[in-house]
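In what comes next, subunit A is part of two complexes: it sits with subunit B in the first one and with subunit C in the second one.
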Partner chain A sequence: MGAYTDKIREIAGRLLKDCQVEMVIGFRKGSMPMMNEPCFVTRADAVDQLVWDGSCGINLANYLTGRTEARIGVVAKGCDSRNIVTHIIENKIKREQLTIIGVPCTGMIDKRRLKNLAPGEVLAVEEDGERVVVRGDGFETVHQRREVLQANCAVCHHRNPVIHDELVGDPVSEQTEVDRYADVRAIEGLSAKEKWDYFEALLAPCLRCYACRNACPLCYCPTCFVDEAMPQWVGKSQNPVDVRTFHFLRAYHCAGRCTDCGSCERACPVGINMRLFTKKLEKDAYEMWGWEAGLSLEQRPPLDTYRPEDPEPFIK
Partner chain B sequence: MGVEPGRVHFSWISSAESTKFVEVVKQVTEAVRQLGPNENFVKKELKVA
Partner chain C sequence: MTCIKIDKQLWAQGLAAAEAQYRLFGPVKQGALYQFDALAAGQTPDLDGPNTRTSARAVVYPQSEVLFEYSLDSRDPEAHVLKETPAPAPRAALAVRPCDAYSFVLVRRNFEAPDVKDVYWLRNYAATVFVGLACDRPCSTCFCTSAGCGPYHEEGLDVLLVDEENHYLAKTITDKGAAFLQTAGWRTPADPEAEARIAQRRSAAEARVVSTVPTDRLAQIPQLELYAANFWQDVAFACINCGTCTYLCPTCWCFDIQDETRGNQGIRLRNWDSCMFPLFTLHGSGHNPRGQKVQRVRQRFMHKLKYYVDKYGDGIQCVGCGRCVQYCPVNIDIRRVCELMNGYGQNAACKVA
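== the complex of A and B ==
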């Protein structure tokens, strides 16, 4: 991982020095462990703040929406690159504006899991290949990297960037053996009543802070439906009906676009796994139209194309 | 999301197919009536201790 950091700094420095880009969007260390934050570097002598490790889970495509700079460098792991493709298809940024610094990714660390496993407050996390060392006041524990990955990273099928201009390392092997949709299938098997109760319990802690929406690269509407007052599509209260309406409508807006990058779940302050909703739609798009979002700049998404063979057994 | 399958219906009906429209409306009404009222989306007052 350290080698990635050096390479990212070298590439970013070169791009900025040669004036090939006006800025580079990457990550720098946050003020807390496992909380790396996005940063915008505009000068070649400032590239030393850029880092790469297992805490770069935020999706940087989110910071490209509607940018007007002529040339932007952006650091992108597999899922970021797929969201960049989606952004280009949806006319939120032009390919010519971007210099994509691709990062072959081996998954991001689940900060919540590490915190729960630690006997006290986590003060530092270091990664050394497959080992993740967690330090705090009076303790030091070692975990295997693959055991503390974010849930979406553990079942990721596209770890390597799908488009890039530079690559910071050799492509990593893709995980072809993992079962991507085991959790979705488990819920599909429930009865209507069980499903209702399951989601009621899942969403009970929601504060409606909208962190999931704000972290999501797909949620770029100038006025989100939850903020609109005329007409008011959804009530603004903490009532379970309103909370549920928000989560389900947001998920539907991501249908056929979601790359399961996990930013929403990562951003949630109370740890709700709202990926279950978007993942169900991702699964449907894959099974009904063989579609995975963000893999190609040429192909139009299934929800804006019509094909006579589109499945329609639900229409009577 | 926990809505009973019989509560949601989709159908293609041309503006010329008035008889099909009537048939579908009857079927839908009957199917939904059997399920009873949908209480799930009724906002209840939150319980305050």
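== the complex of A and C ==
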């Protein structure tokens, strides 16, 4: 991925030097392994801090919401680009404000999984094509990249940016053969009681820090329903009913909009896979309307359009 | 100060004896996480993992705590009487890391100020005996030795346990700690060299803390200069304003009060709050003095690394546990921010892009 870094710097430097953009939003090398920090660069001589590797899992569309700069460069992998499309459709940014630096993506590394697999603290992670080398105090392990991808990346169907003005490399092949919804189907197959127990255990560690919500480009309401104080809709304690209400409603607000970018799960400090909720809705949108969010600037999302042939299986 | 030797074979037995008089808390593995939580009857704490994801703070200061109950039913003779929840029974926080234990010393300054005493925090604190576990494997993100404590630091602890393979050495620090050891039935005095060995292990562990943070200039830089520093936009850009840093932090103390009423019965709750949330400072008028992300991020760092430093004159409001460094979803690193603040005005460049 070193070539991507060079290309991103070259493009960002050119855009800034030629005053085509006022800022470029990308990633800089983090202070921890597998953690890069979203950043912005405003000067051509500062583009050397921009990097790209398998630890750029945060969705940069989130940093575009309501920006007022006339021209913004933004680095975007497949899912980021789909969320940029969604942002444009939902009037959170204008297409003409953006110069999209597209990154054909081969997936992000699952930092949690690698940490759990390692026999000690992970001190360095090096990517070398298909190999991911993990080093720590007294150990070095080598993994195949495809085996340590984030769960959402392993089943991603849109690794190439769907919208871009520049591209940092040749498009990568899409994973058309993967089964996207095996995990959702496994839960759909559970009994009501089993589902209840499953979700109760899933949400038990939740701290209500709202990292999942805040890392999500779709969650841009000026005041979220859980923060609304007049009237207050949801209790603020650790009462499980309130915790569930937050997670379930947040997921429903993402119906027909979620691109399964995985930022929510990646951001969670206690490792909750809340993607399961949004993914169920993503699957429903796909099966009912053949809809995948963020693929086209022309098409309106399924939940704000009506077609006579829309399925209505819930009306019996 | 005495040193007791606890054979590991007597560990579970001793905890069982202590359980009769103390409610036990300690590190437990829950799923993939180590958490600091109440132990079930007969459960022993898991001492092999890294420091717990959430700190021991909840033992004294739960994320959600009922302060009192009330009834609004006018037929109830006790209607509108605020009934305080019962005082906590004695509890023991087991295998607290010295950094987490030291956090209670810092936090106490807030909850036991000369003019205001927080009865709820104080009664939980008074009911707790802190049994520390010396830390021999600090992480790369630990900077406790720059933050006023260290892997064998004793301030805030009643007992310090040191793991010596087949047994623990229990260094008694307070009478409260001695009473706990007595209740657990651990009475075998350690050999005369034990203290010397602890001192040796302490130096070795301190040497393993590789991350350091400079704090020497924080007090002398004027508040307003730091407040108006040129790096806050850069520091705050990535922040998503979640509560990860503040909720995992052992030294964050801010809270929110809520009443929850169902029918005619209600409770008043105290919940953790976070300066990262816009609602935290939203006024009744609708005005929000910290309405922008950059203001909230600045507040968090200024509070920990400047206002606290100036107010109490005893270092930073941080124990260097590294949780916020490890779990910030966007890698905002307090060590880097502290470096920027401490070096402000000194080297003009300040590494800002």
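A few points about this structure:
Please note the rule applied: the second predicted complex is superposed on the first by the 315 of 316 C-alpha atoms of A that agree within 3 Å, B and C clash if a C-alpha of one lies under 4 Å from a C-alpha of the other, contacts with A are read in each partner's own complex, and residues count from 1 in each chain.
The rule is simple: a contact is a pair of C-beta atoms (placed from the backbone, for glycine too) under 8 Å apart; a residue touches a chain by one contact, two chains touch by 3 or more.
Please read these numbers as outputs of a predicted model, since none were measured by experiment.
In the superposition on chain A, A:Gln144 makes contact with neither subunit B nor subunit C. In the superposition on chain A, the chain among subunit B and subunit C reaching more residues of subunit A is C. Of the two partner chains, neither subunit B nor subunit C is touched by A:Gln20. In the superposition on chain A, A:Trp196 makes contact with subunit B only, while subunit C stays out of contact range.
In the overlay built on the shared chain, the residue A:Gln238 is in contact with subunit B and with subunit C. Of the two partner chains, subunit B is the only one that A:Ile315 touches; subunit C does not reach it. In the overlay built on the shared chain, the residue A:Ser296 is in contact with neither subunit B nor subunit C. When both complexes are aligned on chain A by C-alpha atoms, subunit A residues 235, 238-239 touch subunit B in the first and subunit C in the second. On the subunit A side of its complex with subunit C, the touching residues are 30-32, 35-43, 46, 49, 58, 62-63, 112, 116, 121, 123, 201, 204-205, 207-211, 213-215, 223, 227, 229, 235-239, 266-271. Residues of subunit C that touch subunit A in their complex: 30-33, 35, 50, 53-54, 63-64, 139-141, 234, 237-238, 240-244, 246-248, 256, 258, 260, 269, 271, 274, 277-279, 282, 325-333, 335-336, 353.
By the touch criterion given at the top, residues 192-199, 235, 238-239, 241-242, 244, 248, 314-316 of subunit A touch subunit B in their complex. Across the interface of their complex, subunit A is touched by residues 1-5, 9-12, 24, 40-44, 46 of subunit B.
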